[in-house]
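Shared between the two complexes below is chain A, which pairs with chain B and chain C, respectively.
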Partner chain A sequence: MTDRTGLDRIFKPSEEIVAREIEGELIIVPLTAGIGDIEDELFTFNASGRAIWKGLDGRKPLKAIIGELAAQFEGDPEEIEEDVLGLVEELVKRRIVVEVV
Partner chain B sequence: MPPKDGDGYVTRTRSDKAGLWVRGGPRLEHIDIELTERCNNDCLHCYINRPAGDAKARDREMSAARIGGILAEAASLGCLSVRFTGGEPLLREDFEEIYLAARKLGLKAAVFTNATLVSPRLADLLARVPPLEPLEVTLYGMTRETYETLSRAPGSFDAAMAGIGVLRERKVLFTVKGAFLPSGGGDLAAFEKWAKVLPGMDRPPSVSVFYVLHARGDQAKNRKITRARPDPERGADIQMRNAGEYVRGLKAFLTRYSGRRDDRLFTCGAGVASCAVDAYGILQPCLLVRHPETVYDLGAGSLKDALEGFFPAVRRRKAAHPRYLETCARCPLRGFCEQCPGKAWMESGTLDTPAAYFCEAAHVQARRLGLLAAGERAWEAADWEARVGEFTEAGALERLKSLDTARKGG
Partner chain C sequence: MRLSENRPSPRVRAGRELPLSGKDLLGLLSEVLAKGVRIRFRASGYSMSPFIRDGDVITVRPCKKTDLRKGAVAAYVRPMNGHLAVHRIVGGTEAGFALKGDHEPIADYPVAASGIIGVVDRVERNGRRVRLGIGPEKGLVAALSARGLITWAFRAFGRNKGSVT
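Entry: the complex of A and B
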């Protein structure tokens, strides 16, 4: 049985944003109203955020992303899981990613 | 796992602030696109407008698809912002298509407009898909009479106010700037008072003062522009009208930007990480510099080629005009003076003929600030750096106030 509230969930970039990679920076440009608090606000990711973002491709469940990151960075899986869930929560709140249902 | 920096993963950044780029900025940061040279106003002072119904001009304009191609290349070079201007860009029936193409590429899209053609439908679109830059609306007067004396388009004042009303209703952020006849002194005060309470205005509005001559060298139009622009003394009155604002930060500005020029023509950033495309697909270093030897046909090349090959060569050009070498090349009034290759071309058809009007306007301001004596020419001031060293904003403010009092008393 699939746990739709946990690590089986799949997310993808929202159609309300445009994600651009410029000069090594990942930049999220809001497309629709209400994503930035002010009119000329863009969003950038730190290194951890960028690593997680790459996995949010509409195909991989969160647990697969966590597994890949754990293998890639040899980090503590529990800490990585906390990081991934933390970022996803933040991105959903900002309407930058949506869950694939 | 790479470390988290600080508290979160996502940083909100205003793209006009330093700090967005860790490794230096992209090849192209900003592009201006003139969507049309046509305008529904017929402003006395304007350097670019053709009649709204000019079918020949309309037929030559770039298609939305071609503009989309330019925007796509700009985005591929890292460009983050485009500014649509004209003429009046909203005259284009395909404006929405062009605007959405830019926004879907992840570009911020500023629009220069007179607001007369802002419809509820367009305002709804701008509210739903915001430009991420405030619209910039130019006002030509605060009454129907003064506005239409300049715009020479009956009904334009009411249309502009209606457009602004629609923007306000839909909560679309916009800023305003003014262009007034020199005699429109009362309008200017009313404009500033009105602008102060607009939601998008976090600073006093800018006001065009020293209008440039016509982009296509139309002599009849040039005579009209010359009559519409204020003499240098009146221009300085307008420019320096808010003495406190004018002198704020001036010491740092003088220290950083004033100083001896040399024989380089381009001392600005035109064509380095920004450029402009005219309505027909000709690329320019900036919106003003249209000299045939400084422009590039995008139909036969690419933005990348222009930025990496053509513009660097243009920017290496040096002035040759003897009077420029005697005066501008030795003048420290950089930052006060409007002289640049673009404006020189508009004024004289060359890149380096000194424009007496801009020269005098800069000298008037420097004299009022106490940086030059009466009759003195800035390039003859051997001790300029010492003068800047002694300059104080408080002293300049005091001086401007006493000049103002003397003028009013006189």
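Entry: the complex of A and C
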């Protein structure tokens, strides 16, 4: 197992989701508890969430994603880091992404 | 553009809030069922009335060959246009399964087993589970549906009076 901490960690979309782009919007269907409930529980992202999601591809460490976003967006890199870590934490909690180990 | 103007967060949405076309729904259904997982979504249309009505929430599960029996309500790809449909198996020939909406006058073109992507195992209406039409009586329902007698049967037995339009 790789010993990675903090910004060296790598994340990828979980096997327990289906993600599809529909009408320009990214739709994520969680498949928890053996059911994909598109009637009541879909996820979508706002523009900044989507920019971060694109980086969570199972190859790039968080620090590379933060670096790319810092080059792409205005703002304090610390704020960007905070946003990335905050979103990743929430996505892990909801089992939408998993850490690559 | 600042990244943080809008805090990044996933937003929980309901399918009914999104403009899901039949093609989008078919794509989602196929992908979810291919993972061996059930899918719950809102049905639209009247072709399966009175057993599945416009706005009912249905759950479709992946199917095995043994599930594809007369009376089962199946989600499939219509051979004539590639669209998603949810209709009842009312028979079969070498050419494929005969699927028909209970409120439709005739069956669809025969559908090969490979065109059937799942079977309905739950129907909810106004938050309540509806069992009629997908339980043990489904074989009888298929026989009546094949003969165009569903409306007659409902009227004769006084159930859901006026619900079949």
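Note that in this section the second predicted complex is superposed on the first by the 92 of 101 C-alpha atoms of A that agree within 3 Å, B and C clash if a C-alpha of one lies under 4 Å from a C-alpha of the other, contacts with A are read in each partner's own complex, and residues count from 1 in each chain.
Throughout what follows, a contact is a pair of C-beta atoms (placed from the backbone, for glycine too) under 8 Å apart; a residue touches a chain by one contact, two chains touch by 3 or more.
Just so it is clear, the model here is predicted, and its values are computed rather than measured.
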Fit or clash - chain C, chain B, common chain A: clash
First, second, both or neither for A:25, with chain B first and chain C second: both
Partner chain(s) touched by A:91 [first = chain B, second = chain C, both, neither]: both
Partner chain(s) touched by A:6 [first = chain B, second = chain C, both, neither]: neither
Touching partner for A:75 - first (chain B), second (chain C), both, neither: both
Which of chain B and chain C A:58 touches, first, second, both or neither: neither
Location of chain B clashes with chain C - one stretch out of 187-195, 205-213, 241-249 or 385-393: 205-213
Chain A positions touched by chain B in one structure and by chain C in the second: 18, 20, 22-23, 25, 27-29, 31, 36-49, 51-52, 69, 73, 75, 79-80, 83, 86-87, 90-91, 94, 96
Parts of chain C lying in touch with chain A, wherever the complex brings them together: 1-16, 18-20, 24-25, 27-28, 31-32, 35, 37-42, 57, 59
Complex interface listing, chain B residues touching chain A: 1-6, 8-16, 20-26, 75, 78, 80, 103-108, 127-134, 173
Residues of chain A that touch chain B when the two form their complex: 18-20, 22-25, 27-33, 36-49, 51-52, 69, 73, 75, 79-80, 83, 86-87, 90-91, 94, 96
Residue numbers on chain A that touch chain C, as the complex places them: 15, 18, 20, 22-23, 25, 27-29, 31, 34-49, 51-52, 69, 73-75, 79-80, 82-84, 86-87, 90-91, 94, 96
